[in-house]
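What follows is a group of structures, each given as structure tokens.
One chain, chain A, appears in both complexes that follow, with chain B as partner in the first and chain C in the second.
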Partner chain A sequence: MNVSKLMGRIIPSVVGAAALLVASTAMDNKQASAAETLDVGAIQPLAGDCAQWGIPIVRGMQYWADQLNADGGLLAGDGKRYKINLKTYDNVCYIPGEELKAGRKAILDDNIKFMLQTFTPGSRQAIAQMTTDNHVLTTSYGAGYLSKDHPYLNGGITGSPAAYMLIASRAIDANPDVKRVAIITSDQSFGLAAKAYFEAGVAAHPEVEIVYNESYAPDATKDMLGLLTPLMASKPDMVCQLGWVPAQYASAIETMEQMGFKGVHCAEGFTFPMILERVPAEQLAGRTYFGYAFEASEPTFSAKGHELYKWYVEEYGVEEWSPYTPIGYASMMTLEAGIRMSPSIDSKVVMETLYAADVVDHPLFGPSKWGGEEIYGANHHLLTPLPIYNLDADGNVVLDHVVDHAAWWEKHKDVALPRIDAGGQVFR
Partner chain B sequence: MTILQFITSTPKRFVYALIGTIIATPLLVALPHALTSYWQSVLVIFALNTIMVMGYRVITTMGGWSFSHVATAGLGAYTTAILMTLETPWSFWATLFLGAGISGLFALIIAYPVLRTRHYYFFLSTFAAGEALRQAYIQFKGITGGSFGISFIPRPEGFWGIDFNTTTGFYYLVLAIALIIWLLLYRFDLSRVGRTIKAVAANEELSESIGINTWGHRTLPFVLGSVIAGFAGALSANFNGAINPLDFGSILMFKLVAAAIVGGVSTFFGPILGLLYLTALEEIFRAFAEWVPLLWGASVIAVLMIWSGGLEMAVLKLLALLRPILFNRAKNSSAKNIG
Partner chain C sequence: MQVLANIIFLSSFYVSFAVGLALVFGVMRTINFAHGEFYMLGGYALWLLSGVLSNTIPDGATFIVAMLVGAGVVGILGMLVQLTLFERLKEQPFSIFMATLGLSYVLQVVVVKTIGPMGRSVPAIFPGFIMFEGAILPIQRIVVLGFTALMMAGLWYFLMRTDLGRAVRATAQNKTGAMLQGISMGKIALTTMFVGSALAAISGTLMGSVLMIGPFMGAEALWRAFIIIIVGGIGSLSGTVVAALLFGLIDTLMTTFGAGKFAAMVDAIIMLLVLSFMPNGLLGSRE
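Entry: the complex of A and B
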């Protein structure tokens, strides 16, 4: 091979790489020059299996931004309007190291000051110090990990993992025949957090026994029958589950139903378009308890929230609807409330304004109080009411009950807190 | 061998490498001051991964491509993380060397079964060993924190006015360790033992027939590469401040293997060149991070199809082609001067 041939291969590669670099720099400059724009970051899984969670969450956030931008931007407490520019960052599948990598891109490279991330405790801890050092107000669809040393992390709504406790408790309340509960979660950080909170919810009912309580490695889901056989052998009346991606929920429920399970399913959310392809609605009617933020396909809890569902179905089709879409949308509204109240757009001032408010008037959930002191040593978790849903025989989602999170906690914390602590979820 | 004998027997190539390193060091020291905090962190991660690929390349010299390298690095990371977050924390320096030692010890223990295998079977057996180790990080919750991992690992105390809590300060620490490892490994690579290891890799039966201890010459690079991985793991735990079993999974391992394929492993700089290419790709496409693994995979396939031997071969060919041109020019000009 001669020099010209070799250079003929090298030069196009170098020119191509340089062109890409110039193009990306030009894109950055274009964004930087736009005035009165507020960059908001979202760290979520954007590829692979976990994108079944991440992409609907980001779509919910995009809807939130689009709605505000259509009104001319978010009217902040400083009297100015800010157009929201949503930037997304991939954390692969809630891997703490990847969360940190994504956090560095968002915070150090793009200078993001307002952000949404997962509740996964390991991932929250991974970027906790960076958010504190760089004053990045970071919310989530739940708490997971909070600390007075890292005040820029907050829990924007009840969300995960607290919702698991409330769902399990409500499902038992609504089904007095439930005496034996099985808990199955993934062995990832978020799955183990869920396990502790499901246990806490069951602990509020001393007459109920946990008969199965195991974690699984995500790879084990390829053999759903093998995974669920020992669970079914424990003869539960209710199965609380977490960690399946939506398609796996459908497979897990189908498998349990085929194995003769007639009891109650409880989870953060069910992707019914997938499930109802496998199990008829009349078979599951009244037996699926779930709730995360709110279920937008159900119109009575929030008319404003139901608009999200209509937009989503129009944009992506009904079969794409995911119960995870509303959680990003609802969580961003807590930040929105803070920015509206704050006299300045500065993230430190917004944070202080939010925590100084005894009650935050959440645009979806209404007046909600801060809590979390007993678990996190800081009242940085907004205890929004949790609507819990069920399925009717026609395949429609119906509102079952709205749990007052703060009231439930006051009533049951003496029995719930030790279980949360035993699960390694107390961070005081 | 005395120190004098060692110095006098030092190959010229090592002397050039040493001089080059001394010349490059001020530039590498000045580099972070020209960068934003984000690019400084990219630089630190690149330096950490450079240590990892240098260790990985040592293993490949004995003819096997290990898939347990990243999990082994986890031993260094967990050692540092566990001991530095105790109520009475250990010194960073003690945990750094202990972590590297434990990584080496693990490699020595698994060497017996895995080095009995060759080719694909070596790859598979190291994959199994690495996966078993990663499962241990998950299952021994009381020690490792299980799936939650360990967070808020402190950085080491600074000295000579260097604060390791800053990214630049930590970069200097990683740079110093990387340069020391680079020089030691390069000298090792050029040594008689280093050359014997490659000879064993090229033809094990022939080497054994002339009395070379092939088992020892395969075990040594496997253990040495794992010790280097342990250093990198311990440093990355300190830099990130948090570790989790998922950090030691297949994503980083694939990056290292891809760096070795894209860059090539026959020269010392090949895998570093590959790592530089993959890191550049990752950063150019950072706005489309979800596409990066696809681009890495495509690069591996492209290199295998177009430039088998990796980028290092392209660089070597270019140098080989340029050398006579430059040499003749110098010769001609000196001839003219004489004339």
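Entry: the complex of A and C
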């Protein structure tokens, strides 16, 4: 980035902040008088290190709202169009107590009825009762925690943590030489969920053993060399990792490569612009398996989704691109599908309409079925297909494979479910 | 051998970050909560100059320029903080706490709004590694270690061998006595803030070349620095170095033996024990 470009951002940002304040006040007044506005809430980390996840997710949601609003609003099943008004709430870093505070603000103060939150089990549990009592249909980019007692919580897409299971399994399928797997995740609620699901994915391959399986405190990740030394000493063929913010993935992969690792990396997402500054693409080509919702920078899986990438890069620059942006966008489309099908905008009716549908025609993923009974005691998790990606030698993200989540589960649940249970992630 | 190398690398990071904070507190008895953001700005100086100077000068030269520019700019920022906050709020420690905390938030938001919330990494400036006794030693780490040693040597020379440095030490030891000797408190405060802030920026540049660079990197590092300077003895530079080595050792061993997730808790317990039994820290002097 050159200096003039940076100054060009600093000055407008100061002016923009003032303009935004004035505009938002004006907008609030305008929306207050508009009859057909639908408030949608987003609880995400908006400050601190975890904002590197939360802000891109919210930007993806904003794009979703902007696209609908540009068409005159979301055409609901009641025949009316609703302009989407996105409201954001900070959960600091997916901390359950902060999720509860943010949920109170959204639900009790702002009367939000449709919402997106993290899949993090602890955070979902924190507001589960409140969503039930107040009929707030709350989706997420994955399931994490669901319950028949809390039907207003759903999993909008395959997402986390189920994706970890599918990625690990796919990476092993594609690399028959992998016999030794290392798992490293953060010790937060979402990291522990990931750990259990990575284990479940490996369990589908009895010939493969887990040789390292540890959690780390995010505060202890200042020095990847120290953290990864014992992991590399276990001599894995594949490393499944979760919990680092994007730039830390770059540091982790660089460190592992420096330590002589030649095997497979698997994770929910990699921010390649950063990684490729540290490690050449030809060195990593074919060795990085990831998938969350879909990777919008890759154009073949979804042309519609790729438009999100083009908009984002134009708006924020390629260095700001995050594999987390599409997950908010894709998850909101499940709510969108429900609102389009429902005869009423009432959140209870939308919820019942969604669950009553044998198949939900997801705007990005196509027809998808509900699942999750064995894990959550209720079929409230929409099992969308999971595209899994890799990197080619030119540094481009390429589509590796699309996993049929429902089919995979039917085939492997007998071995996967006990591992998920052992990891404390079964909530029946 | 790898574990030993890891201990040295981690300790050098702790030293480089905490020493500026210890200096400022030792001389001025003031905690600068924006110290972490000064460190963050040093990281961004490297990122910015890596982009601006790429293909114009060698990468190694860019690294040095980033250290100098970052230290200069952030040092001046530190002097401005001294003139506009510390000087005006002296004798009001809570107000200084709130003001510097506020400044830290402002600096974070400015970076988020101008550059973005996503972290940044810079291309490896000194790529590759060497093997020594079975240990992998990344060249970038060795360079960072070398510059940290140089930084400490420079600080030692300044404090021990220059008149201004002696005046800074005299002020830290006995403010009233220093004033009676004709030392200008205003000049010492400005000098200390410049040096302390510049050290934070240099640390940010050094570590930014190894770790990630992000708007919130400083806030995360700050609490660890507090533990280090408290255990070392608030205001004691030698104590800071000893405590940094101690925590580098403990944190690395805990991580190596699979207990890394408890490192933060153990570090805090050690701090509480030291405060209980050695209220002035390991090498701090009684007030």
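The working rule: the second predicted complex is superposed on the first by the 397 of 428 C-alpha atoms of A that agree within 3 Å, B and C clash if a C-alpha of one lies under 4 Å from a C-alpha of the other, contacts with A are read in each partner's own complex, and residues count from 1 in each chain.
As a convention for this text, a contact is a pair of C-beta atoms (placed from the backbone, for glycine too) under 8 Å apart; a residue touches a chain by one contact, two chains touch by 3 or more.
These figures come from a predicted structure and were not determined experimentally.
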Report for A:137: first if it touches chain B alone, second if chain C alone, otherwise both or neither.
neither
Which holds for A:102: it touches chain B only (first), chain C only (second), both, or neither?
first
Could you look at A:245 and tell me whether it touches chain B, chain C, both or neither (first, second, both, neither)?
second
Chain B versus chain C as contact partner of A:125, first or second or both or neither:
first
Touched partner set for A:187, first chain B, second chain C, both or neither
both
One more residue to check, A:403. First (chain B), second (chain C), both or neither?
neither
Once chain A of both complexes is superposed, is A:84 in touch with chain B (first), chain C (second), both, or neither?
neither
Which parts of chain A are touched by chain B and by chain C alike?
1-3, 6, 9-10, 17, 47, 51, 187, 217
Under the stated contact criterion, what part of chain A meets chain B in this complex?
1-3, 6, 9-10, 17, 20-21, 24, 27, 46-47, 51, 89-90, 92-93, 95-98, 100, 102, 104-105, 108-109, 121-122, 125-126, 128-129, 187-189, 191-192, 217, 424
Touching chain A in the complex, chain C uses residues 2-3, 5-6, 9-10, 13, 48, 51-52, 108, 110, 112-124, 129, 136, 138, 141, 210-217, 219-221, 224, 251-252, 254-258, 260-264
Which part of chain B faces chain A closely enough to touch in the complex?
36-38, 41, 138, 146-149, 151-152, 240-244, 246-247, 249, 251, 280, 284-287, 289-291, 293, 306, 314, 317-318, 321-322, 325
Under the stated contact criterion, what part of chain A meets chain C in this complex?
1-3, 6, 9-10, 13, 17, 47-49, 51-52, 55-56, 187, 214-217, 219-220, 222-227, 229-230, 245-248, 250-251, 254-255, 258-260, 271, 274, 277-278, 316-317, 319-320, 322
